[in-house]
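Each of the next two complexes has chain A plus one other chain: chain B in the first, chain C in the second.
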Partner chain A sequence: MHTIRKFFLKRQPVFITVIAVVLAFFVVGIILAATDRNPFNAVYYFVRGAFGNVVNTADTISRVIPLTIAGIAFLVGAQCAVFNVGIEGQLLLGAMASAIVGYVVKLPAYLHLPLMLLSGALVGGLYGLIPAWLKTKRGVNEILSTIMLNYPATYLTHFLVLKVIPIEGVVPATPFIEDTARLPILIEGTQLHAGVFVMILVVIFAYFLLYKTSLGYEMRAVGYNKTAARFHGIPVEKRMNFAFFLSGALAGLAGAVEVAGVHYRFLDQFSPGYGYDSITVALVGLLNPFGVVISATLFGALKTGILEMSVYSGIPRQLTTLINGIVVLFVAAKDILGGGYARIFRGKDTYEAEKEISQ
Partner chain B sequence: MNKKLYLVLSLVLVATLALTACAPKEEAAPAEDVVEEAADGDTFKVAMLTDLGGLAASEEVKGFSDLGWDAVKQAESELGAEVTLLEAKELADLEPNLIKMASEGYDVVVGVGYLFTDAMNAVAPQYPDTKFIIVDSTVDQPNVASLVFAEEQGSFLVGAIAAGMSQTGTIGFIGGMESALIEKFEAGYIAGARAINPDIKVLSGYTGNFTDVAAGKELTLTQYGQGADIVYAAAGSCGLGTIEAAKDNGFYAIGVDTNQDGIAPGSVLTSMLKHVEVAVFNSIKGAYEGNFVTGITTYDLAAGGVGYSPMEYTKDVVPADLLTTVDGLATRIINGEIVVPTTVEEANTFVLPE
Partner chain C sequence: MDYILELQDICKHFGNVFANDHVNLKVEKGTVHSIVGENGAGKTTLMNILYGLYKQTSGEIFINGNKVNIESPSDAIRLGVGMIHQHFKLIPAMSVAENVMLGEEPIKGKLFLDLKKINESTLELSDKYGLAVNPKSMVSDISVGIRQRVEILKALYRNANILILDEPTALLTPQESEDLFLIIERLRKDGKTILFISHKLKEIMQISDNITILRDGKVVDTVKKSETDEVHLARLMVGRDVFLKPASKSKMIGEPILKVEDISAVNEYHHPVLTNVSFEVRSGEVLGVAGVDGNGQTELVRALIGLQTLTKGKIILRDKEITHLSVKKMRSAGIGVIPEDRLQEGLVEDFSVEENLFLGLQRIEPFSNGNIINWNAVHENADSLVKTFDIRTPNINHKARLLSGGNQQKIIVAREIFHAPDTIIAAQPTRGLDIAATDFVHEQLIKQRDSGKAVLLFSLSLDEIMLLSTRIAVIYKGSIVAIVSKDDVTPEDLGLMMLGGSYEHIPA
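Our next item is the complex of A and B:
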């Protein structure tokens, strides 16, 4: 009993998040039932749509890729007290830069693909340095500056595909990128592409950087308490500038991977708001790199599962937005569950258990 | 505090119950599915997919995608087809959606909107036995029918009506998201207006999307403020804002795609009709009867693919000789005497040929 308690208490944030997600689905079920729709049917088609067969699972994973990379982008910022709400804009500019490199440059694949991805990351990172400068040199709140910087990015890409880059046909997009700049499809007939390896590398990189290097340690120290970090001689502004750049670069990379793996060109409006989703993904993932993968999987599954659900169980797609919202709401409000949770797993020997955890 | 605990506990309990209750039901569900799929063999199945536009929430505000759905519903009632609708939420959905429908044995898969271009180009070769239809764009594959419309011709006629009806000599155009497609509407409208009044001033503005009603209204009021007394909106739902602005301030709006005259009777001068429903139904019917026409089919004035609404509510205010002139222009377009420009650049220098 003691060990079980300890196990559950130690992992309180994780379990509470899981409970919150489960409760959210439960509430969605009530809403479905209240509107004369069979929630069990809906669940069945949801799961089938997301993971029912190889094709669906592969497509789900392809949605997890941008969500994870963008989620990590938010995470590396947030761990260092940088709340980058401008991932959408950085992602779009990164995607645009990589698409241009993808169709203009002629190189063999082993050079072209990395160059294309890196150019996306570089442009995203540089765009992230604008709010960094505003924040560390001018004291502008980065939440405001980054969110506003999404607009110039969006409209610049919009302008480029409509007015500057010539293309045949009615689709507002850049020309297709060269074959050498494309991430290969892993399973024929699905959208699962080799970007999944880029994603895995990004997750490992983020974990390694934040938890295994002194740079990452200092970044997290800034995130915990800027004043204390400064007292310990950590160059707070430098670390924050780096976090801005890294966050923007990963956002740009997320866009580049979408271009190289899914659309093969910059397609106007291609991002359904990955940048904004990334914030939810990172927070639900408890700002932990591996947690982000799990929560991105949840949100990726929401995207694909809901499609099948709406076709076969007659649930209008507007409801899908609602489902998303409810999940986010519950996860955000999960602290309300905390008290009860602690009570359940707390007994007479709580004190000892907590002492052991803290050691 | 205890109350809170009990609340949480009971919620968790109910949630667990609900989840365990799922299990048997989940197994029951596939049975229906098998029945559905067993019927595959003989029924004619049509799937329609929308791009980001989706279907309208109500009958009055029907738009472009709804016309496609009308055609599919018509196929259901007249041809006995089994039909399905799949609305995309994001661009990355389009390709999986096409694959889903094609792999489930739908005979005809209709993609309504040019955003399907890339996805259909990729999917159609994988399912050579499935017949694909794309609206508003061209996909060069042996099993795809590309249905395109001469929007510039329909817009030309409403432009002519607008120029003939304008008191101020200034009319307005509102587009949604800028693209080559919407430019065709704008170009035709400008050219049509110049055909009636070479000195007409046409104000143009774009809302940047097809959904923001308030932006449409705001832009319309700006143009109204600059003297435009007739505003044509080719901007999806933004056009509803244009109609609202016209109704509030007593000027005229011109509707698009569907007959929108009834949204605000008397305030909508006319609507440029794009008969997506005719085109899509013809194509589906062709597939049903075994003579599916692939390649590009252009629905222009001559084919009855575009036109303007019968002006149910405004017939009395429009002078008969204007309508005669407009019909004359229509005939000359059909004859090929008038070639309506498709770019704004050409339209701005358009001169009606003698």
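Our next item is the complex of A and C:
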């Protein structure tokens, strides 16, 4: 009994998140039932849509790629006390830069593809340095500056594809990138592309950086307690600037991977808000690189699974927004569950005692 | 004998934890009765029960021989029990008198406060007990010592006969403490009964009539002051013999290691905070810096680790000038620091014990090759330091936030001593620690001194300065006003100098 309790107590944040997600789906089920739709049917079509066959699973994974990379972008910032909510803008600018490099430059594939991806990362990173400068030199709150900087980025790319870059066809977009700049499709007939390897590299990189290097240790120290970091000789502003750059660069990379693997050009409004979703993904993933993969899988599956669900079970697609919202709401409010959870696994008495003593 | 207060078999359980375990206490009317014990011994819990903040699990309370039921602080106040908490509960934006009357204001007509009467009755009470409080001052403008007197006035105004003072000297300067003891003496003469909670032996011996010692929630003994002494009390409190005696003499004082030459600094409003400060700390000695809080100690510590910009002067460590270097460079030059505010400056609370034990050392051997952390070395270091310094933690991956203050301080001391720099700056190293933990930290500092390091000790406690220092520097308004050998001064001399009196003027 004691070991079971210990097991659950040690992993409290993980289990609470899982419980919150399950509860959210339960509430969605009640809503479906209340509107005379069979929730079990819905779940069936949802799972089938997301993972039912090779094609569906491959498509789900192709959604998980940008969500994971962008989620890691938010995570590396947040671990260093940088709350970068400007990932959408950085992602769009990175995508634009990589698309331009992709169709303008002529190079063999082994140079062209890396150059194309790196240019996206570089532009995203440089855009991230604007709020960095505002924060560390001028004291501007980065939540405000980064969210506002999404607008110029969005409209700049909009302007470029509409007015500056020659338009091919009817949709506003850049010309197609060269074959040498494309990430190959892994399974014919699906959207699953080699960007999945980029994603795996990014996850490993983030884990290695944060938990295996001195630099990552210093970033986390800054994230938890700037005063102590400063007292122990860690250059706080430098580390935060780096976190801004890295966060922006990974966001830009997420955009570049979408261009190189899915659209093969910068397509206006190609991002269904990956940058905004990345925040939820990172938080649900408990700011842990591997947690982010799991949570991105959940949100990726929501996107593909709900398509099929709406087609077959007659549930309007608008409901997807609702379901998404309910999951976010439950996860955001999950700490409400903490007390009850501790009560169950710590034993009522001990829980009360700790609460008393901590007052 | 006339007991004003009697506690019988008081038990308080928090779950499986016994905070008070069959506590019996008899308090004579008109005495100062001290309740002493280490942190966590159950003193505050017991007083909170008496004041109605907690309800006892079992046991009975008698006041003036009558059994009483105290459910809330208002019950306690009605029964004549007043409590002066460690952290004051005053409204800074109101005057002293308004704070005293709060909740019991005299009304003029039906609507208006009788301000005149408020001020008059406050003044009257203040004069009666020699509190010397101006009823019209704003609380935000008065010192900590005076604020405490306002709390006492509040209790007296509500006709308290039993006054509970919970560690009242924790935030006071030595002079303010002396004044408080005079006030307590007056209250006692007037027939009030004082329950005095503390773990400072010296003041307990100074003012108590009777002393009850608690350990692990149980009463160890109740003794008359005349029948005990500090060493005996310490043994009862801790359960073993403790250090407490003045440190042995410095054995081999060597070359100066840290030299500070004529440094000055200003704050953000360009007011001087350090003015022409010069001193040196030699190998094998402890230089104590004595002073009233806020006289430049914080800035001096910050200057010595590179966080305070200097307008002039030099800092020299082993013949190498380290003025204006970055924190990182100053620390790698050989300065270790036990910071004043351990939660903010000394630790990353959300880091584990092992992560905290190499904070600031993350880029040097053996913890990393400069870039990649060697976690095996980190684990080994943590295992050995936890053992050597007796850091009580379930495991080295436990978050520092979840440890007690004493154990958090041990992490800091262990790390800074392991770092083995030439100079250790210890700022308020035992603030908030109980006797056993204090003893431990003192022992470690003396060990470092004897290994030939230079120790610079900042403390607001004169006792601590007198216990550990080889020489003592007195800081006043950002200047060092005197540097004297410990054997040449008395605490009284120091107290005077700390308040701006000059050494020459002290009669021999």
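Keep this in mind: the second predicted complex is superposed on the first by the 345 of 359 C-alpha atoms of A that agree within 3 Å, B and C clash if a C-alpha of one lies under 4 Å from a C-alpha of the other, contacts with A are read in each partner's own complex, and residues count from 1 in each chain.
Keep this in mind: a residue touches a chain if its C-beta (ideal position, glycine included) is under 8 Å from a C-beta of that chain, and two chains touch if they have at least 3 such contacts.
Quick caveat: nothing in here was measured; it's all calculated off a predicted structure.
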Residues of chain A touched, compared between chain B and chain C (which is higher): B
Contacts of A:Y151 with chain B and chain C, given as first, second, both or neither: neither
Chain B versus chain C as contact partner of A:N41, first or second or both or neither: first
Contacts of A:Y224 with chain B and chain C, given as first, second, both or neither: second
Touched partner set for A:S214, first chain B, second chain C, both or neither: second
Touched partner set for A:V262, first chain B, second chain C, both or neither: first
Touched partner set for A:H232, first chain B, second chain C, both or neither: second
Touching partner for A:F7 - first (chain B), second (chain C), both, neither: neither
Contacts of A:V170 with chain B and chain C, given as first, second, both or neither: first
Contacts on chain A seen with chain B and repeated with chain C across the two complexes: none
In the complex with chain A, residue positions of chain B that touch it: 1, 4-5, 7-9, 11-12, 14-15, 18-19, 21-22, 25-26, 29-30, 33, 52, 54, 84-87, 89-93, 95-97, 99-100, 103, 114-115, 117-118, 126, 136-138, 177-181, 208
Complex contact set, residues of chain A against chain B: 19, 22-23, 26, 29, 38-41, 43-45, 47, 55, 59, 62-63, 155, 158, 162, 169-173, 189-191, 258, 262-265, 267-270, 272, 303-304, 306-308, 310-312, 317, 320, 337, 339-341, 343-344
Chain C partner contacts - residues on chain A that touch it in the complex: 212-215, 217-218, 220-221, 224-225, 227-235, 347-354, 356-357
Contact footprint of chain A on chain C as seen in their complex: 13-17, 19, 305, 307, 326-332, 337, 339, 344-351, 355, 359-360, 362-363, 368, 370-373, 375
